[in-house]
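Okay, so chain A shows up in both of these, paired with chain B first and chain C after.
So, the complex of A and B:
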């Protein structure tokens, strides 16, 4: 009896402990939950309510023309360009960082993080000084006689991409780097010994292992890109308006809180749809890999 | 009235919350006490000039008054304050596009028994706001790009054959660009309103590829001083500092008048004091003082006749005959629709 009863109570106790542990974790999350409820969820609901002031007139105005949908599309296009550029540059950079040591690693880390300490506004204007027609690059090339007329490097998508990639690169590098650091180099060695080529080794072993870092980096950069305001305002042209510019315009100049809220909600909806599709396709891909 | 236990508990909880919040927001609340006045400005060099001309002399005459300054001056902030019922600013200064009769919800009516509205230039004493200065938005150009003389009129500004080069224009629908296009296209200034939006856009189309749009004043100044743009339509507050940094000239042939206005947010704790400060700021001597500090004209009629020597000749009040007044009431009614069309046109 005692022998039979023991595992039973042990099992119960284990369940209780587990449940207590789970409750404790929830307690730990409570301050963060409270913070987000007050300073994020509540304002968000407020914005959604404001956007509905006077019924759906604001949404009729948004979807009554092609303007806002086009601007949202430009915003996503820009965010996608920036994410891909960040991924290509950031992946190589993260690999270099994880593979080197000593002073070189310190240098690479500083080069990545130092610009973080300079304000975004200042860096954006600095790019203007470099990239504009009368800027350093164009004047240099003209003086060397390499070009006859200045290259258009700003007031277009290229200018915006340069400015945004510069600001967002660390958000791509850091998550990828943390994953790369956890990869056992022996795995690559094993693959090589088994006769895989460098390329095959990379695509079949290394890349899949770094996938979690790539995904979090991409989601981070993409999300941040969607709300960019000052970079497109300074480095973009008339045709490359991003949605945050229109929202800011509605708030600061037209002083229309209700319509700007509706624009913000629209951006959020589109963002939600895009990320939901992304998550769905990721699950499908995982299933297929698993099967 | 009988207090139930639950109501009591509820109200104590509410009180507790309220006091916790007022603790958080205490810094702002404390300012709204009597014997004090808090003034919102756009900050920077402009605020310094306003202080030197108006507020510091007023403070010296009223040493017991606690005077505080706050920034930024965005009307959106004023609206948010009034909405939240936490008005910490008593005197608000801001641009042309706010403070109309349609903004009554957010503002106190100006007390013209305290402020001498009759001493001001026409149109500067309105129901909810008082004109503090007259500013200019005008054609600014690189003198080195046009050795034989730069663009003098808006027709010149739209003439890319005669005056080649990039043009810096404000990307703000009610900032004067539509008026500029129509005037350049031959519309008389008295026939401007209602604006013919499609005609203006057709005229803008002719110089589309030569326009660099700017969003902030700093951008416009940088575009001219770097030579990235050969000309622009700039605020005086940006054109004259740019003149000191590069070979730049201004044209008074046709210019847009603008201005900074004073208003009192609805529910301001010290509105009596705010009216007194406004009365002082628009009186003759402080208004003359302002013209020694900024290239802006006074709104006080007597001061306009006796401006300081420093910017004489480049003050808006020296060129009142060529000014083009933007009809802000027309814009308020039509802004949303025109802006949608403008943004569409910008996308191409």
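So, the complex of A and C:
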């Protein structure tokens, strides 16, 4: 009871205890911090240093060479196409999932998540089997007499897009779905009775309310897209090289660590910028929603 | 006479469950009607049919004489206040209230002026730029009301509008809603399961029971002249004494357990048959009698006290008659109150001119 008798020391002790408690919690994070420092932060710094060997020549080479600029452009173009496709397909899918119940909901959930458990490599080669000129789709269409010559479905941007959308769709659906499930259905009724048509109801009420989910989904899909390697390597053509392929090529064939480091840093910077832009817009959207 | 709203023999089922059975209801312009009933009695379904969220299986619905049973909700010109207000969280208060005008294609400037004016009416003029989450429950309620009224709807629906508010605020908002809707001359249908709210706010009450209308009338009619045990039981506290009714020669004789008296037979409703009946008495209509007061013009029954609860303004006495009927009366806090002990036998009397005879 001496502590209670002296509120000043009591406060000090409370503060000290609280500080110790906080320090203890930090201790728990120490193994993870150590792991990340040794195996992630240090190599990252190392890569950054390597990329700057001999000054900024590597970066001059990237942004001064048409070929490399085109690779960067292709990477962004693919990421953008994939994000838009995932958004359109994923938004509708998420809505169907949020609106249904029972067995249909279970089926839709399984259809979304089962492919998650199959290796990306396996799925990509499966697409190659399906899409190639002698593949199931083209042979089927030919057999039905719907086309005269096989469609070029792989070794181009279309093939890459199909493969990437297939892999990345869940990353779009899940954040949008979680936001949709939190929307009070009465808001739509309120809009309807206020005189709004279904279209106005969607564009003025539903869509703005799902915006945080849309932004989260887009940032996930977009940032993941930028670093894709296997899908463009298997399903893309020679003209559709993405930046990750270029890095692999520079390491394995050219053995140019300094230049590939610069490419890696460039990729990371662009990804960071995309991430920051989305994060900023998400914060703005949430601020308007009062979250 | 054209009614603001007419419901004509509405039927509605969900699967094999019949929710509304032959519900007919007329609403005059400027009237405040409350649909009252226990949960699952069909009052909310009726409200949803009026709003257009459900279409009736059978029957018709007329808004100012125009058939609307299968018209989409956005083409009905009906305002609605939802239970949890359903304000649009991503819009400011002003945009929320302006939304119905926006949906009607009214120019931005004009709708903002009108919305601001309506926010003034509900007493929220300074809050136009706030977001819904920055307001208290009572303020959100006012915004919801403003949004439901801003476009001069033909009728306004209130779905348990006060359910989410605490007791004190509820009483305040009851008066506020009446003031605002009267000021605008709005025709209102409110749904509630709170009988006190219904009695305070309504011009008329429509009492629902198991998908049917049990009774429709003025609040005092439902309270003083219930047509069934259900109505009497739902509105206020009631005692139901067992009796046997026999009519003859303009007289109706009521024979109870140890009591008997006659009343003019026109005081008994035509739907009550001779035989076993219930005599409904409000707690305030029964008084404790000293033995000597048991005069001929009074009916009385013997009961044993089970409990006596001090309420401040009076003492609520719970007792059981000899045939096992539970009764309660309000006893004044006076010298006699001291003798109200559990197990005591008391005489409970009432005037033969009061009391409603209902089919048992």
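The criterion applied here is as follows: the second predicted complex is superposed on the first by the 227 of 291 C-alpha atoms of A that agree within 3 Å, B and C clash if a C-alpha of one lies under 4 Å from a C-alpha of the other, contacts with A are read in each partner's own complex, and residues count from 1 in each chain.
As a convention for this text, a contact is a pair of C-beta atoms (placed from the backbone, for glycine too) under 8 Å apart; a residue touches a chain by one contact, two chains touch by 3 or more.
Everything quoted here is computed from the prediction, not taken from an experiment.
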Partner chain(s) touched by A:208 [first = chain B, second = chain C, both, neither]: second
First, second, both or neither for A:199, with chain B first and chain C second: neither
Dominant toucher of chain A (residue count), chain B or chain C: B
Touching partner for A:190 - first (chain B), second (chain C), both, neither: second
Partner chain in contact with A:246 - chain B first, chain C second, else both or neither: first
Chain B versus chain C as contact partner of A:146, first or second or both or neither: neither
Which of chain B and chain C A:114 touches, first, second, both or neither: neither
Interface residues of chain A shared between complexes with chain B and chain C: none
Complex contact set, residues of chain A against chain C: 184, 186-187, 189-197, 200, 204-205, 208-209, 288-290
Chain B partner contacts - residues on chain A that touch it in the complex: 61, 65-67, 70-71, 74, 125, 128-129, 132-135, 155, 233-234, 237-239, 241, 245-246, 249, 251-257, 259
Residues on chain B engaged by chain A in the complex (per definition of touch): 74-76, 79-80, 97-98, 166, 171-172, 174, 208, 211-213, 215-216, 218-219, 222, 226-228, 335-336, 339-340, 343-344, 346-348
Chain C residues within the chain A interface of the complex: 51-53, 72-80, 82-84, 86-90, 99-100, 102-104, 131-134, 147, 151, 157
